Amino acid sequence: MTKQERMDNLNRLSGTDVKKCMKCGKCSGRCPAFHDMDIKPHQFVSMLGQGKIEELLACDAIWNCLSCMACVERCPRGVAPASVVEAVRDTVVRAQGKNGLKAEDIPPIVDEFIPQQLLVSAYRKYNK
Amino acid sequence: MQRIGVFICWCGSNIAATVDVEKVAEVIKSEPGVVYAANYQYMCSENGQQLVKQAIKEHNLTGIVIGACSPRMHEATFRKAAEAAGLNPYMVEVANIREHCSWIHKDMEEATEKAVILVRTAIAKVKLNAPLMAGESPVVKRALVIGGGIAGIQAALDIADAGFEVDIVEKNATIGGRMAQIDKTFPTLDCSACILTPKMVDCAQHEKIDILSYSEVEDVKGFVGNFNVKIRRKARFVDETKCTGCKICMEKCPSKKGLNEFNMNLNTRPAIYIPFAQAIPNVAVIDPTQCIKMKTGKCGICQKFCGVGAIDYEQKDTFIERQYGAIVVATGFKPISVDNFNEYGYNDNKDVITSLELERLMNAAGPTNGVLLRPSDGEHPKVITFIQCVGSRDTSGCGKPYCSKICCMYTAKHAMLIREKYPDTEVHVFYIDVRTPGKNYDEFFRRAVEQYGVDYIKGMVGKVYNENGKLMVQGSNLIDNEQITIESDLVVLAAAIEPEPSVRKIATLLTASIDTNNFLTESHAKLRPVESPTAGVYLAGVCQGPKDIPETVSQASACAAKVIGLLVKDKLKTNPCVATPDETMCNGCSQCANVCPYGAITYVEKEFRLGGGKTEIRRVASVNPAVCQGCGACTVTCPSGAMDLKGFSSKQIMSEVEAICKM
Amino acid sequence: MQDVSTEKKEFTPNIVAFCCNWCSYAGADLAGSSRLTYPANVKIIRVPCSCRVNPMFVLKAFQRGADGVILCGCHPGDCHYVTGNYYTRRRMALLYSFLNYMGIEKERTRVEWVSAAEGARFASVMNDFVKQVTELGENKRLTDLRVKEGE
Amino acid sequence: MKEVEMKMLERAKALLESGEVARVVAWKKGDFCFDPSPAVFESVEELDTFVYDWFCGANLSKYLIQIAKKEGKTAVFLKPCDTYSFNQLVKEHRIDREKVYVIAVECLAKLDVEKMKAKGVSMIESVEVVDKDVHVKTAYGEETLYKPDVVLTKCETCNKTHQAKDEEIILHERPERDVNRFAEVEKLEAMTEDERFAFWRNQLSKCIRCNACRNVCPACSCVKCVFDNPASGISAKANDDQFEEQLFHIIRAFHVAGRCTDCGECSRVCPQNIPLHLLNRKFIKDIDGLYGEFQAGETTEGKTPLTSFTEGDVEPKDVFNGEAK
């Protein structure tokens, strides 16, 4: 796949238009996992726009993103940074070709303290 | 019998090089109805025009066709020439054989053939032309200004200074508008009241200006030069002619819980009040929702104490009707509600305020007498964080998609003033972009940073929350690529501004167009920026788009110039190429009025003869020729074909089509 | 094959272009002032606004032997009369769709927005439209509608 | 239907007797059982010929343009589809709503005698409908037809409900059906240009310019029709000029676009059985698809799709790029 194709692919997967970003940084301003992300939410949007695909695919932030969607909720321009994160992560997971988390893995780890959001998020994250 | 004269121009070699002009004239000579055909080097020259005039007289021509350059160039020239020779100027048609023929074609034969067709087409049209007369309508030499803010005040003063009567209709109890609420103005930091209130006084004292405060426009009829406006004078329960503004009523009024709108509801006022010390007119008004007398029937204290007997609890709304030649809309703006932005916690924390509220907190006449104290506990805030672009540039649906334009500058102003007055205060500003186009604007902003040490942080705030009585402002610092949390005592939101909502009703009354953001649309974004597409209606201030005080004042003066230019005329010449209905065919179905952008079409009941001595009354369309601009939208909408456009009638256009297609 | 293509080349379509006075007619003027070329078989009728163009005019043109009809106006939002071309846009979208429903080739009809500054675009639009109609050949359908089957 | 007819007659009598209305617009008996015709009743005596049966398909709303102008109030019986035309005429100020008393009557789909004849039924003496069976008594005996086969074309895909009423006489509610009134339009759209052209050439070549479609159409109610007006540039006598001949139907369809309520009267009265409603329905379908669902005659106020717009409307060139369909 050419770089352009991969870029197009990520854009399509994310379903968001990174060109709409006005670089205000509100997404990163609210991100609860900000300090654990090596690439920050606003950088995801900017780097996809610039085609820095390699860096994105190699980052740790895709695993640290909580998928809480706070950035999506806050964005004044209707851009969805979390969807970009997710698109990158999906690309990585698909390249690995396996499901990281199967439905049957979930019941054993469920206890009363685990928030529903975490399970949804984990399933989003580790499954292709 | 039609006697058409045709004149083919060479335009030097511009036409003659590719079009055989002599041949064109020769061929056209034998067209039915053509009695004269000539060609000449430069038809638009003095000699060329002379040729036209002479031919009209000598050959008794009923219509002429000029085969020359674009009618956009010289149609007016030849119309004048025709008129000078005694031919109605609208009996002239121009065939564009230069821009649409000689200049775009290389082949002489082809171009000549096309030129003949173009001239024939013009002949076909001119045969159906009718002599048209420009109508006249009188001009009422009085202007109406809707809105008594700085825009309305400036426009009114300028118009009145030129010697014309002006009425200002202001919906509030006093003129002054938003500018009266502002503490200082950028970039000079002079006191807003000090520069505004003298102008308010000028208005009150000007013999040509009539201030109709506490009034609203109820209905508008008529058209440019001749508007008939119905104005509602709301009951203020105080006789304006008697009240001296002594304020004894305010002191004595036992109901003091009404929220003070002028102070952005930050404190309270009595039920009978004068909005602020310099109000014009300096006359009290009673808030019937707070007045004990009006709610329970008991009290009447103000009436008892009023030395001039101005209080009248029974007062009712009254209506007046006045005629105006021109109308200036200057309805202004309001800050948007920030309820949509939970993340900033405006509704949960008293110390999260909007910028306009801060203006009042810093104003010497404000609720804190100009001492900056935070609303929750009256303490001096030590750390103040400003958040810009709250609801501006927001396409998510919560805010407004446009830039509010003034926030960058007033935030810099606030930051600077605070740092100057309270040097021990820390001031942070979260910004996306700092926009400072304007004379001395960027210098002003840089002063805030460099001289006053205001901390500008490139980034946006994601959340404001309360932790142990401190406002935690969490946001991003994009330059340092970090997320920061600032412990603040006061948070100020630079809320977007939007047109004053009542402008929608006004726009409807005036048939003035309005955009999706409720800003009034100007006639041309560059060349007619202060005129509404509706003739005789002019736009000043934020009702047309976000702008600051200097721009508002410029626009208001521009409006005034336009209004004066209109009012000095005794009569207006109207475009004769207007729509006219054939009443005998009109269904009265209203379709045409639905598409008319100018509101030129109304309906009247008329009696028609049916034959056999019978008559019937039908509803038929009536076009006001002073308002119609001649677009023709109505002609196509009309199902019966009753509506037609003078100068571009259906028959004329069809005959052009036929002439072109006849090969 | 050879015959058909030469025959097509000889055919020069007759095109009627309705242009609004404020944008497209001025755009056509600019095309001329810029000495751009487009075929001579395009003939322009000036109307105050594209919204003045009655569907009857379009039909009349076809009936009288026009092979293509193009309607040009200001870009939506730039109408001199504020809203005229918005009505044009709806009317013509519906009319052209309807004509196509009647079996009239959709390539014969077109609406283009050309501003007073777009002289080059005016010329290229006309070149393109003429080419398109030339490929289509003579307009027979709108003059033929009532000829009975088999004739 | 007999019960409904009796109730209607009762009301008509009462209204005329009390003087509440000066006249009643309804249907009167024809020479045969299958040809009732619209009529104005001004006295109780005249009501002898009153009828309301399975053949009363005519839309009475257009008659009100003239009749309702007369002194006093006019009562009218309107079927669901007729009320749309009525509202549209009120919207266009052709009928003064205040002067009309609308009695909504049930319809349950009307029969098409031509379709019955085509089924081989002739010399019809009377008709009785029970559910989906049409029991026909003829001079030759009795026959039963399947009702959906013999209803008027306009009734086949009708789902309309009353949009205007001052009172109602409805004894049987008609269930909502799952019908696609655009099915035939879609069929045509799916054809090639050549096929469509051939289809319409075939159909329109049958036109004899009798003007029946125009005369019955409630939207075609101009004080003076463009086709009758020499100044319009398109008028001419039938067969005089090709243009008018060929394009009469196109222009007529365009003139009523956005105003046509799809009452189907044009096709019902066409002596040549040209499916004229398919012209109007194309406009309706395009309008629905391009500018949002719009049903003319639902209200008596507001603009039509052709007298309104949005800034983001589809571009004419994109109509063919799949956005329309």
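Letters A, B, C and D mark the chains in the order given here, with residues in each chain numbered from 1 onward.
Here is the rule we use: a residue touches a chain if its C-beta (ideal position, glycine included) is under 8 Å from a C-beta of that chain, and two chains touch if they have at least 3 such contacts.
These figures come from a predicted structure and were not determined experimentally.
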Chain pair with more C-beta contacts, C-D versus A-B: C-D
Per-chain CA centroid nearest to the all-protein CA mean: B
Intercentroid distance (Cα basis), subunit D paired with subunit B, Å: 46
Euclidean distance of C-alpha centroids - subunit C vs subunit D, Å: 36
Approximate Å spacing (C-alpha centroids) for the pair subunit A, subunit D: 58
Where subunit C touches two or more other chains at once, by residue number: 55-56, 60, 64, 83, 87, 91
Of all residues in subunit D, the ones touching two or more other chains: 232-233, 306-307, 311
Junction residues of subunit B - those touching two or more other chains: 595, 637, 650, 654
Interchain contacts (touch definition) - all pairs: A-B, B-C, B-D, C-D
Subunit A contact footprint on subunit B (complex, rising order): 343, 389, 393-399, 430, 432, 458-463, 474-478, 481, 483
Contact footprint of subunit C on subunit B as seen in their complex: 70-72, 96, 98-101, 103-107, 110-111, 113-114, 117-118, 121, 513, 521, 533, 577, 595, 597, 629-633, 635-637, 645, 648, 650, 653-654, 656-658, 660-663
Touching residues on subunit A, where the partner in the complex is subunit B: 20, 22-31, 34-35, 40, 42-43, 70, 74-78
Residue ranges of subunit D in contact with subunit B within the complex: 69, 91-94, 219, 221-226, 229, 231-233, 255-256, 259, 303-304, 306-308, 311
Of subunit D, residues touching subunit C in the complex: 185, 188-189, 193-202, 204-205, 207, 232-234, 242-243, 245-247, 250-251, 253-254, 257, 279, 282-283, 286-287, 290-291, 305-307, 309-311, 313-317, 319-320, 324
